[in-house]
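Some structures are shown below for you to check.
Shared between the two complexes below is chain A, which has chain B as its partner in the first and chain C in the second.
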Partner chain A sequence: MGKNRSTPYLLNLPSLFLLGLFFIGLSWLLLISFKASSPSGALQTGWTLKQYFRFFGDQFYLKYLWPSFHVAAFSTLVTLLLGYPTAYILVRSTPLMRRFLTIALLIQFFSSYVMRIYSVMLVLGNNGIINRFFTWSSLTSGPIKLMYNEFGVAVGLTLGAMPFMVFTIASVLESMDTTLESAAKSLGANEFKTFLEVTLPLSLPGIAAGIVIVFLYNMSAYVTPALLGAGHFDMISNFIYEQALELMNFPFAGAGAFSMLVLTLILVFFLNQAFERMIKGVSFK
Partner chain B sequence: MRDQWIKKLGLGVFVMGWIIGLLGTTAFGQQKEITVMTWGGVWGDSFRTNVIEPFMKKTGIKVNIVTQITNRDGLTKLMAQKDNPQIDVWTADDATHALAAERGILAPLSEATVPNLKFSNHKGTEFSAVWYTFIPGIYYRTDKVPFELKTWEDLWDGRLKGKLAAPEVVYTSARFMVIVSLISGGNEKNMDPCFAKLAALKPNIAMFYRTDAESIKFLESGEATVCAMGLLPNVYKLLEKDSPYRFVVPAKPQLIIYNNMALIKGRDSKLGSELINYMLSTEAQEGHCSTIGLIPVNKNAKIPEKLKNIVPAKWENLYTINLDVVNQDIGKWTERFNKEIKGL
Partner chain C sequence: MKLFPEKIHFREIRLHFYILCWLTLLFISLPLVIVIITSFNASSGVNFPPVGLSLKWYGNMIQRKAFSETAQLSFFLAIITTLFATSIGFLSSLAIVRYRFLGRNILNAIILSPLIIPEVVTGLTFLFLFNRIKMNQSFLNILLLHILLALPYSIRVISANLYRFNIALEEAAMSLGANRLKTFLLVTLPLTKPGLITAAIFSFVISFNNFTATLFLVFQKNTLPVEIFSYIRTENDPTIASISTSLILITVGLILLSERIVGLERFTR
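What follows is the complex of A and B.
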């Protein structure tokens, strides 16, 4: 019975089709960003770099990029700091605890994203749990502003991205050879040293994948800044939405979207390079 | 034996599914069907109950509803399907319909195909018939605001510091911007006074909203106590006796917003015209308008009783906005608003 060589390709046809559609959309976005449009949204003939000059030439539009990178990076870091211990407990705890944590994360993962953000608003709002506690305990004279700013958006992003980080790191920790940890301990290393010199370096691939996934997820966030930023803290996706869907200025939205895509890809490329070097360093030790 | 039984059952299910599918595309496929794009929330609920369900019952025409988040969101969807439109009837405000007519995606309407147009107080344009009208005003929480708001200028009162939810420029096609311009000596053609006046409002602004749902959500959650400019239907059901919510229409300037109906070019306009005609009927107008607080345009339809206490009896300071100017400049105003007022 000879193997049919075309089978893998045939099986991949649906995903290739989806990829094709994605690239068509992306190409259209790129092409349209070199056009000009009238106030009614009609595309004008000819090609121009006007949209890119406008985007990079005006400090105001760059202000959408920097806070987007800043808040995405910050919440990725917080997600890592909170997600790693969660993943560690998830993998190393008792079956009951493991089940409880998995269910808790899955509920969060599968619940409506908008509802999740609304739940954050119930906690961070003027009448939310935190502000009520602060006011009740006289820690503050009145409610403090915990949302409609960068902080609120960062909290929302962290909450939304947590399952991605936890499950990515957990899958690496799960497949890790635990005899290496036992060997380190038998050679006199304490728990902390074992973790720092064996577990952590060996889980670097999971950390790297988690960081990249969560950072990309955060960079493209729209709903979180729309609800928790409420116009006071907009990210690049809010700018793209406003230009494309509200002002019908698709060329300018395209320039913004493509600029974000290219800058993000460059950043992710360097991140991957750095992680690869770190992971190789661990293997050669 | 068991395997054979399962195979037979599977074959039976397959054949039944095939027959049902076939019937769906042939016999049931004959059913007349149209698609209408409109808003969701309280607007959509009332539309479905007071207009669509009776219409389907009366005519046997099936109506599918597609929800748009904002007027401009609807326009974007229609532009994307311009060569192969999937929508028959579209509801949006007058300014967005004007933009759509300019882009050539609307089909003309006439009294010949929409006879109820002859009963309308406000006819609209060749491509866009007025469905109903309403007045923007201020809504606020009387239990949280220490004074009674009466004029647009009251929004600048120092006691409202950090208490105000303000609309983004695109909300209701920049009506709030025009109001601010008018009270500060400008108009839609001269927006400099508007921006100077809005800059002074910044300390009072707690957040910005771009949808109807957001405008009321901020008040309900207590994040804001005053909605700088909102639409009566969003708060209409909350205006019961002893309610802490109040809707006020300041005396000057007063604006009317028209929400209109349009047929989409490239679709069979006969069924769409039938729906539009029904939307203009006395029965549909009274039902929809009395449920969410709108002013009907059909001369024979009664204005909801509750509305008489809220809207002014006389329109003495009514201002008509030049929609061409709004559509031409809304992009510039948004950019300036983001830079000078939101200060991103």
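What follows is the complex of A and C.
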């Protein structure tokens, strides 16, 4: 096509305008997080780390960080445990099963997140199907508390992130060279051994990507803790929202947002490093 | 003799995978089934099993002005977001796939970055920015946010499509005497159509459903997800179940239609 040097830049102009706007806002927010604000919301002159000290120094704010990490990590593991077999069946089963699974997952993927969490509330609530069953079968004397706690949030996160995990792993399983599996089998390995020593190691990149994507997604959850935690279990996003919109404290909200962003990215970086070493360690001699 | 227990192992693992797969299916689909059943409940509590059958929550859904107004706003927003995100995404994809230019890799990374930035951070950034530059047009602000959120998906899908088709087809058209515009309209555009349709569907869904980032920018009028959210927090009747059922029906229709037009594989990769 065109040989004109400026053409690619012109083509990117609209995208760059939008991304530029976003990054200007982001940098501005970062700057503001190093300012002190008076109770009226006005910014004071001079730079300070006060907001960050406040965030990491105070038990009250720190209590958002650990539970967020805990529930995000736990849900990511459960999502992997359920998502890997689902991805495996999706790729290696009959076309009918594949279509069925894809549609079921796409319904989730295309549906409003708020609505999906609402549907979980109907299942876990005091009048929900699980508690109805428990009371009806006299397993418990009354309804047991399945939501408005960490358990409920974990269920919501696991359901919410499932399509990402399954699709990410499935695309790696799909592009996998199946001749290696056939080779292992023809050399005498049974299917179990083939799975454990060929398929699983080869799908590590998918597992790694799935874990990273889902963990990032879980760490930044807002709707799930807002509806299934409802004040009894908050995550960092709820804290940031509260600071920004209820207290109009932009410097503190900004400090919380960047702490969350940086901590999550550091974690993801180390996770990636660990996975890369594992993937490199996989060799066939 | 040695093979026997191992064979059982294999059967076990495949069986376990099937069990876990069905468990996952049940886990993700059961709540939606419960929602559909609840929407026909005659009592005002969210009971299961339903006390009686009734369509009154559907009536309530239609009567409440807040729902129809916010649904219209969300639909309108999603349509405009789709138009912009798809066309802007197409232009960027053309640049990324067809040109080698300075800063191409950096641009590629920057374009995908809204995907890894938490939605609260994106929402907070836009709220802060628009607040500072005194831009109080709620609709325009949300529109800019939605286009930004849809752009990474749009560009990924369209550039995947552009990478796949044979550039020789364009060269052939040109060597046969078609000018640039004609080549673009008669060769490039039709061959990119599936990618453009997929990008459009993604953009529409992202805009129509977005909640967390949008929550930071709603002042004058709520979008539908925000309205649903605040209704769940304040009321406790199955009206939301009937809205959800309607949305599930539309979603299933959209998926079956997409399968016909472009195939489902485009959405899952």
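We take it that the second predicted complex is superposed on the first by the 259 of 285 C-alpha atoms of A that agree within 3 Å, B and C clash if a C-alpha of one lies under 4 Å from a C-alpha of the other, contacts with A are read in each partner's own complex, and residues count from 1 in each chain.
The working rule: contacts are C-beta pairs under 8 Å (C-beta built on N, C-alpha and C of every residue); 3 or more make two chains touch, one makes a residue touch a chain.
This one's a predicted model, so the numbers in the text were calculated from it and none came from an experiment.
Enquirer: Should the superposition on chain A be reported as showing a clash between chain B and chain C, or a fit?
Expert: Taken together on chain A, chain C would clash with chain B, as the superposition shows.
Enquirer: Of the two partner chains, chain B (first) and chain C (second), which one does A:60 touch, if any: first, second, both, or neither?
Expert: A:60 contacts chain B only, not chain C.
Enquirer: By the touch definition at the top of the document, which applies to A:162: first (chain B), second (chain C), both, or neither?
Expert: The answer is second: A:162 touches chain C but not chain B.
Enquirer: Have a look at where A:245 lands relative to chain B and chain C in the superposition and call it first, second, both or neither.
Expert: It touches chain B and chain C both.
Enquirer: Please indicate which partner A:125 is in contact with in the superposed arrangement: first for chain B, second for chain C, both, or neither.
Expert: both
Enquirer: Go through the superposed model and pick first if A:254 touches only chain B, second if only chain C, both, or neither.
Expert: A:254 sits against chain C, while chain B stays out of touch.
Enquirer: Touching A:234, do we find chain B (first), chain C (second), both, or neither?
Expert: first
Enquirer: Between chain B and chain C, point out the one touching more chain A residues.
Expert: When the residues of chain A touched by each partner are counted, C comes out ahead.
Enquirer: Given the touch rule stated above, what does A:148 touch, chain B (first), chain C (second), both, or neither?
Expert: Touch status of A:148: first partner only.
Enquirer: If you stack the two complexes on chain A, which partner ends up touching A:42: first (chain B), second (chain C), both, or neither?
Expert: first
Enquirer: Among 3-11, 75-83, 111-119 or 129-137, indicate the stretch of chain C whose C-alpha atoms run into chain B.
Expert: 129-137
Enquirer: Would you please give the residues of chain A that touch chain B in one complex and also touch chain C in the other complex?
Expert: Common to the two interfaces on chain A: residues 121, 125, 127, 244-245.
Enquirer: Within the complex, which stretch of chain B touches chain A?
Expert: Checking each residue of chain B against chain A gives 70, 72-73, 75-76, 79, 99, 102-103, 168, 170, 206-210, 214, 218, 221-223, 327-331, 334-335, 338-339, 342, 344.
Enquirer: Going by the contact rule set out above, which residues of chain A touch chain B in the complex?
Expert: Touching chain B from chain A are residues 39-42, 60, 63-64, 67, 121, 125-127, 148, 230-234, 242, 244-249.
Enquirer: So in the complex, the part of chain A that touches chain C is made up of which residues?
Expert: Those residues of chain A that touch chain C are 1-2, 5, 7-9, 11-16, 18-19, 21-26, 28-29, 32, 81-83, 85-86, 88-90, 99, 101-116, 118-123, 125, 127-129, 132, 158-159, 162, 166-167, 170-171, 190-193, 195, 216, 219-220, 222-223, 226-227, 236-237, 240-241, 244-245, 250, 253-254, 257, 260-261, 264-265.
Enquirer: Under the touch definition given earlier, write down the residues of chain C that touch chain A in their complex.
Expert: 3, 6-7, 9-10, 12-14, 16-18, 20-21, 23-25, 27-32, 34-35, 38, 45-49, 88-89, 91-92, 94-96, 98-99, 101, 104, 107, 110-111, 113-114, 116-122, 124-129, 132, 144, 147-148, 151, 155, 170, 180, 205, 208-209, 211-212, 215-216, 224-225, 228-229, 232-233, 240-241, 243-244, 247-248, 251-252, 254-256, 259, 264, 267-269
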